[in-house]
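For clarity, chains are labelled A, B, C and D in written order, and residue numbers in each chain start from 1.
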Amino acid sequence: MSGTDGAARCGRDELMEVNAARALAGARNCFVGIGLPSTAANLARRTVNPDLVLVYESGTIGSRPTRLPLSIGDGELADTADAVVSVPEMFNYWLQGGRIDVGFLGAAQLDRFANINTTVVDRGPDRPEGRLPGAGGAPEIAANCGAVLIVLRHTRRNLVPALDFVTTVGHGAGPGDRAALGMRGAGPTAVITDLGVLRPDPDTAELVLSALHPGVTTEQAREATGWDLRVAPDLTVTQAPTDAELSALRALKAAGGRAS
Amino acid sequence: MSGTDGAARCGRDELMEVNAARALAGARNCFVGIGLPSTAANLARRTVNPDLVLVYESGTIGSRPTRLPLSIGDGELADTADAVVSVPEMFNYWLQGGRIDVGFLGAAQLDRFANINTTVVDRGPDRPEGRLPGAGGAPEIAANCGAVLIVLRHTRRNLVPALDFVTTVGHGAGPGDRAALGMRGAGPTAVITDLGVLRPDPDTAELVLSALHPGVTTEQAREATGWDLRVAPDLTVTQAPTDAELSALRALKAAGGRAS
Amino acid sequence: MADIRSLHDAVRDLVHDGDTVALEGFTHLIPFAAAHEIIRQGVTGLTLARMTPDVVHDQLIGAGAARKLVFSWGGNPGVGSLHRFRDAVENGWPHPLELDEHSHAGMANRYVAGASKLPFAVLRGYRGSGIPGRTDTVATVTCPFTGEQLAAVAALNPDVTVVHAQQADRHGNVQFWGLTGVQKEAVLAAGRVLVTVEEIVEGALEPRPGSVVLPGWVIDAVALVPGGAHPSYAAGYSVRDNDFYQRWDAVSRDRDTFLRWLDENVWNVRNVREGS
Amino acid sequence: MADIRSLHDAVRDLVHDGDTVALEGFTHLIPFAAAHEIIRQGVTGLTLARMTPDVVHDQLIGAGAARKLVFSWGGNPGVGSLHRFRDAVENGWPHPLELDEHSHAGMANRYVAGASKLPFAVLRGYRGSGIPGRTDTVATVTCPFTGEQLAAVAALNPDVTVVHAQQADRHGNVQFWGLTGVQKEAVLAAGRVLVTVEEIVEGALEPRPGSVVLPGWVIDAVALVPGGAHPSYAAGYSVRDNDFYQRWDAVSRDRDTFLRWLDENVWNVRNVREGS
């Protein structure tokens, strides 16, 4: 079955989810946010990385849920974990302790340096700020993991020229900013969307389009981005989801309360 | 049976231990050092204070040992506890958290303001400092409990005019010093020895002889003290150990590895 | 030892107008029944603290009990926004809601400092974030050994902490297990403590893997409220009512619908499960 | 995942001359067998860290393995002095022993800072004590919110931490229970970790009340050494050999008696229990 056929058989969200899971190949462990990151991490355990250790901020280390948790505190996460620790211990000894390879985040607003806003959005001069859920674990996940993956839907509303509020620093204002802030790790190494994959330019740290999902055009991606999205010279097309990936994803979602 | 008879039936150490246990009447809980304090606290649970909660720095809360532990980490302390916590939690949340009514300490050297040395002793110009075990939990026990009891044998070697080293502050250099140092609680309220009981003068915070055990003279106590020990105007004689106290104490020691 | 009391009496005596109240629970063991009793008793002007205010805080805020929220993530997990929370913040309904906003790491350490009776805690956090500009409870501290600058967060010491646990014994010793979150710290940081429990066991608590045991002498009142965490859950006693959380989105979106729900499910309910 | 190795090989690869080595255990689960292997392999110049160095550290110090001791209480619990420790400190035999001395609260928090990868920890400690004058790892820090001055202690991050546990599984996941002391923090603060265990279980570890579970991916090597804590103990497997601790007083009081003991019980012993 060809790649294009695979893409045709699945929706844009599934392309995003499958590619987000693939980004976890080779990681030993992953600090998992709820929603899309949890979908991706659980799919990774069923496909590219069966030994991936899932770490949830609710305190579970090594959870092996059989279905997608609706919340980070679903009982099965604790029941299937290697260890359950308190929330302060999770943040101090495990996350801040530098023991996590990959932090996996969602975002409401993302800028070209992979900084994240999940706090408030400006809705114009006549309306009050729109309230988002807030920071959660994100500022310290982004600061303390070996690398950060971000998954979100590719729209101009999400990928914005300037954040209304900086909740979480990705690459700050460019190269060197993480180090100047005393942040550990590589920071965001990939942003997986439903159109493709953005990666920071090694020289400028600006996110550039490095891959498109099958059937998506560069113009579509640029159109859905709030800044003038640069395209990597070696732009690739992501491999279409395999049957195994798609069936694992669908089984996971069918068993769960809700995908994201 | 008269008090003097009771005293005649028992040794000086037993007088010290029984009176140390009595000092725990009314306390809800006690942070227990090993040795004499542990003997006293376990005796208190069998006599004047059956509901006394024993807290050991090894992490046990509410231990009910059937015999005297040789060390603060004997297995029975954990097996019989209401809760076992980590050592950092014990010191941070329970002791520093201000949850302990009484801290019970031993001492190698004690001065007139109930400051304690358990670090090094000066053995004269031609000999190296003599090494003692060190601070253990004492500095923070003395700083953070509601009150502190001290138990030690009454000798000029133990009750000294000037400490060779200040490991643990009792009343510093006198009234107001604890507050100036930001220490919580009343500090040492009684020093129970094998000759009697010393208490801080409310005005000067200097330890004065406030009670003698039956059969002990003021001169004996003053002779065994390295400073010019003042005597309280209302000096009393401690009640002789009762049969119940003595038999409880002896049973406890017979069952334990060693008393102190 | 903790008194074993009715939920009504415990809330009446422990929770006062204007208090800072932590109702903790990281998805698991959320004290919904106690929150409803707080609403029913008409307590107002509360500063509510919780790392993850979710539906129960939407209810408290919508009912008008809160003046301020101290938090790090306010949403309906896996579902979406908290509409009553947003309505209060964005539109001041039913009251304006002041916010003291943190990251999870910051909030967790604020409770740790509170439980340790320290005025602050240190973490490697908030770097480059706009959060410190919106609160006076984040500052900077310099390591006296390395010169490194780190974040300091102010201790959080609630007037009252309310948590739900699986078990208590007759002496008020409490045991909870599963995801234990930040509840031990929230309890030990508080001036007063109320614990609602699924069950009061006869005799001694049987130790459980992964459990937190709190002795009765750090707790003021224990109230027997089986199901008191619904629609959250108590591992070993109930499962999370995910449907409720999903339905809440529609209930809470509209003020009138919410008020009807509140009437039917809180104001007009005497909690028949309460007792001692 | 941790490798399951012989004690000999694990010590050879993980413990090097001049390392800072924490052998922790608060009376319970003290890694005696690993310490003897360190002596047998002739490792020298170690900085030894432990809150409560007792008989095992008397042996290491008397055998000449240590250059420095980082500690808060050095004695034979319930018995008396550590004679080899005193002889090293007072008389420089067999080597002078440098001391970095703390209170328990300070040492515990040094490990907490180490596990948290913070450069320091804050506590309400050392007030009025002469201890800070003898170490460069205690300083003062000012609360940025209240202005209060508090003690700061430098993080302790051993090159190697060695602990003894009851159980591991085949993946090197480790479980220990009973008095768990400061071992979790000492492990997570370390650059390398060796765990000796009473038993390697087939299949998954069965969760125990009060246990600490450490995943294999934070451990470098697990060695099967039944009885490896003797004369300390492993709850559920052995009891404390109090007689040994009492006899140690006489053994250690005299240099020659000690050296004979060391010959017979350490140097001339191949640990037949070791293996994988």
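Convention: a residue touches a chain if its C-beta (ideal position, glycine included) is under 8 Å from a C-beta of that chain, and two chains touch if they have at least 3 such contacts.
Quick caveat: nothing in here was measured; it's all calculated off a predicted structure.
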More C-beta pairs touching across which pair, B-D or A-D?
B-D
Rounded to the nearest Å, the gap between Cα centres of subunit A and subunit B is 58
Distance between chain centroids, defined by C-alpha means - subunit B, subunit D (Å):
29
Measuring from the mean C-alpha position of subunit A to the mean C-alpha position of subunit D, what distance in angstrom results?
41
For subunit C, give me the residues that contact two or more of the other chains.
112, 116-118, 123-124, 148, 184-185, 210
Do you know which subunit B residues sit against two or more other chains?
92, 96
For this structure, enumerate the chain pairs that meet the touch criterion.
A-C, A-D, B-C, B-D, C-D
Complex contacts: residues of subunit B adjacent to subunit D:
34-35, 57-60, 69-75, 77-79, 84, 86-88, 91-92, 95-96, 115, 119, 128-131, 133-140, 143-144, 165-169, 172, 177, 181-183, 257-258, 260
Considering only the defined contacts, which subunit A positions touch subunit D in the complex?
28-29, 53, 61-62, 82-83, 92-93, 96-99
Going by the contact rule at the top, pick out the subunit D residues touching subunit A in the complex.
112, 115-118, 173, 184-185, 188, 213-215, 217-218
Along subunit D, where are the residues that touch subunit C in the complex?
116-124, 137, 139-141, 143-146, 148, 150, 152, 154, 207-211
State the interface residues of subunit C toward subunit A in the complex, per the touch definition above.
26-28, 51-52, 71-75, 77-79, 81-82, 85-86, 89-91, 101-105, 108-109, 111-112, 123-131, 148-149, 178-182, 184-185, 210, 233, 235, 239-240, 242, 245-246
